[in-house]
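Listed below are the structures to be examined.
After this come two complexes, each holding chain A, first together with chain B and then together with chain C.
So, the complex of A and B:
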């Protein structure tokens, strides 16, 4: 029995040593990403990017000599789990701020936790409801869908197209897009002649496209994330549909071109600037951040950085700026976030204010077209 | 009967004392959901464990309760305490009507029919955007209040939810030991034999289906008021399967089994999170091991293991 005591003493001593070694305590940042599950295409690049940026900050000396500690939890895209994990970040890990969640549904579910426990939350989801109306503790980095819709409609107006068909996916992303497409149409003098949806797991959309072919639509706008839109692109080509096809920023990654193959040619979509970083004019204020992000991501993960990961990049860098200016108390971080102006990130140029916790303007999106299996900026 | 009362009192003491051990940590928040899951597992167990009728659509009834409460209180401003029993009644009646055709089916066909029912309800949540808010969910659901106290902290919610859960446990234990409970078990073993003995199997099955749905709806209402936000993703097929797993792992035909099943399946992922990327693998392996070595569920498996390994070992030492 006696020799069992020795390891315990050893353990106690080493614990004591540990606590004295780390004099400057790290600043804890929590992150909730849907790394697994149906929204993994968002959560994975977000987690990778956040970890990469935090490592980079720590390698170059941290923030005012203090290291950042990133605590990432996987929500699996489940709202209940997101709430539990947010509570865990606040109560047990005692983080100074939370990045994420990845999806609008989870973000809406987590907002009460952030508001009640007074922790700044920077959501990486796009839903307009997250910051409209403004919540005291909640910010977001993903571009509002309304900006993407406005970008497409402006282009259609320029081409004198006024009758369109919309085809949206029946999930949170599609529902939000559909709402914006419908509410902004009149303002741009556009009539939606056909409004149809498809399921996130559907593998054939010829039925919807045949209906569109029989309508008077002069263009199709499809709102969804991979793989649905790629199927639609292929089906449209098979049916010989000649009218222009527009997609959402939900597919602005190389993955879409891979999936749709030849059928992707000529498709246009609004996108964050990250996929066309090297084509931007040198005068673009975001160019420096964008090129650095693309290069770092390629180096670390041997993959192309996309704008989903960019949401996490922006969130970490916004926090870094806020902590540098005002310290790591949650209330101070919140106040400093709100004062952020002219921050040139991946998603766009952020200008937060007491009335605007989304912070982006129309310049956050460029319109791109697929040409020779690559993106081109539409002038 | 005294033994049952003692069991219930032990359960009550554990439940009421548990928050003392967690002191406001996040696990208290998880325990609130354990309470909701316990209610659901008991509801499903009454149907599956006692009457032997499978349902893969219980997440749908759970969701109906949540959405009825959510919509009526958040959109139309009704009193939550009024909506809650009303929702349970509506869902119960709905299940009663659906029960007539569906419960004529047996085995795999019943599983398929209830699976379909769950999926239809899920699609309705997604597609009726004007009413439910569609896939992006419904927010602004009020917390419950009693006499000026708002249930807005984890501790308050814990006692609120577990009060309901305790009442459900008490009623379910009583039901299981009543004439109806015996009739259900008779149907489980042989429907023909039960009918020969004068049990109206068809009606009793439909009644228990409706009761089970009504309890699920109540759990859904409580979930909506605790979360204050709901979205269809929480009420999908996956959750129906998770409930089924709770019931089977806990022990079919045991009310406290459902309690243990809900506790284990809700808490286990939290502890396995330490294992990072491997948590899902370990989770799956543990479930497999439990089903293989404790086919009767935790309530029967743990005592059996105890008898097999601990008791003989004690005897062995005595002989030596």
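So, the complex of A and C:
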């Protein structure tokens, strides 16, 4: 009996080996996105985009003949879950690299996993502390808050506005924005005359705005993600506030205009270039990628691609470039990512180096204004 | 501090307070007829707003038609909830009932999320959004709608409870369920009525507030808690005391956010809640053993 079984096992094993030789194994890429939960507005377009880009790469023959396999886990915006899933990606799925997570809190929690297990991580979150100080295995594609703040302050300087009020949401995004707004103010000759906050679930901000109306402020900067800023826009209109209202890049999607309606008119905010892709001058090096992304996303999901999804687009494409140049070993991917120069993605033009794992410059943001329910570039 | 700032805080507070009052009355009506705190009350507020959006969006009804449909469906949900979750309970101890209502609220929130997604959505204002100036302060037409509709509903409520047979029967149940049963009042039907009325009121509150605050699957939690707080201040009465409780809460929140710090806005509501429960558990205006309803 035993003698009859052994040849079969031998055959089976050799067949298995053969198949791996003939059809090259796919390159496994892990992804952690907050597809559900409070950060779903980030995670959902990111997941959709990553899947779309990977499918597109596979359809056109993969990378050097090898297909990509994207393994996506939903973190629900929960840092603890993100860490567990990151470990699962590394230990069980044995991925070559990880894309995500979507939020700064989750990214900070996952960083030790990537560092310890030596897997390159490309975070899609914006917090500056993810790549500052530089971590050996960690990169990110979302623009730093500091760049968005700098963009607004430059505009204010140009208009000779030097007294402002800031109104930030009391969560991680708002706190990070508030820190940047305060630390960069002096450098641009701007004084913050009023510094107030609101809760992420608050439904009426007239109290804060009334306080601002009674202050010396010449402009308001509000830092938050939907729906808070839409409520603030409506309240500001109700109170008849005449001073300019600036928002953060956290609301740079059509959803904000939809929510705030009429009250959105005239509001300015820094944004990634994706929402104004067709208005960019032809000389803009990003224009080609941007238009392609918007078109593909429209085709696949019947919705407008936003710059959150763009973070995932950039991450997949950066990985693709790195794998094309150096193969799929995690260490090689990391080294090649760090050597990426002049990559014109959705978030901006990336130039990574050993000192800079965020890779974007100030040109990553344009200042846009809401006009007739659409975005216009502020010249 | 200028006068017009205070006026603005007060006006904003009154309109938020009116919503708290409507939700609070929903709490007390059910409390009085069944003795339970219905923690799913906030979800009817959410259902009101989300269903109106649903009828206007995918079903393309105009606003005036979508509102009654939304209230109707929310009311039916309230009846179904009572019939299938509250009534079948063998031993209705208060703790069981409270846990069931919490479970019900989680279920409704989850279903709403699956059906309509997680996005926040906005309802168009009932009559434009040109601000109206009052003194140095401004309000929106929607604020007048909120205050007006709240007053009308409270008036109807009063008429119902004091001038109709079923209203009087419900008050009888509130005084003494057993005695009410003995004189031939169908207590179970009255309990169902109370769920009907309070789910309809919650839905209306959710609809009239949605153009200002927007709505999403999870708005019910906070609004529900604030409404509960209003009901506690009013000593669980379903009349004027809870209305005043809601208005006080709204104004204090708004003044607190404006004059002290907006970071404490929600804390104010819950500090008041705790103080009332510690010091005057019968409510701000109630005598130790007062008439409820």
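Worth a mention:
Criterion: the second predicted complex is superposed on the first by the 357 of 379 C-alpha atoms of A that agree within 3 Å, B and C clash if a C-alpha of one lies under 4 Å from a C-alpha of the other, contacts with A are read in each partner's own complex, and residues count from 1 in each chain.
Everything below uses one rule, namely that contacts are C-beta pairs under 8 Å (C-beta built on N, C-alpha and C of every residue); 3 or more make two chains touch, one makes a residue touch a chain.
Nothing here was measured: the structure is a model prediction, and the numbers come from that model.
Placing chain B and chain C on a common chain A by superposition gives a fit, with no clash between them.
In the superposed pair of complexes, A:91 makes contact with chain B only, with no contact to chain C.
When the two complexes are overlaid on their common chain A, residue A:174 makes contact with chain B while staying clear of chain C. Of the two partner chains, chain C is the only one touched by A:196; chain B is not. By the touch criterion defined above, A:325 reaches neither chain B nor chain C. In the superposed model, A:83 makes contact with chain B only, not with chain C. Legend: residue contacts after superposition of the two complexes on their common chain; A:262 is shown touching chain C, with no touch to chain B.
When both complexes are overlaid on chain A, the residue A:67 reaches neither chain B nor chain C. Here the smallest spacing between CA atoms of chain B and those of chain C, following superposition, is 7 Å. The contact surfaces that chain B and chain C form on chain A in the two complexes overlap at residues 36, 170, 197. Residues of chain A touching chain B in their complex: 36, 73, 77-80, 83-85, 87-92, 104-105, 108-109, 111-112, 116, 127, 129, 170-176, 197.
Across the complex, chain B meets chain A through its residues 24-26, 29-30, 33, 126-127, 129, 134-137, 139, 152, 154, 227-231, 233-234, 270, 273, 280. By the touch criterion stated above, chain A contacts chain C in their complex at residues 36, 40-41, 170, 196-199, 201-208, 210-211, 213-214, 226-227, 230-231, 234, 237-240, 255, 258-263. Residues of chain C that touch chain A in their complex: 2, 5, 8-9, 12, 16, 118-122, 124, 129, 131, 133, 138-140, 209, 212-214, 216, 219, 222, 254-255, 257-258, 261-263, 265-266.
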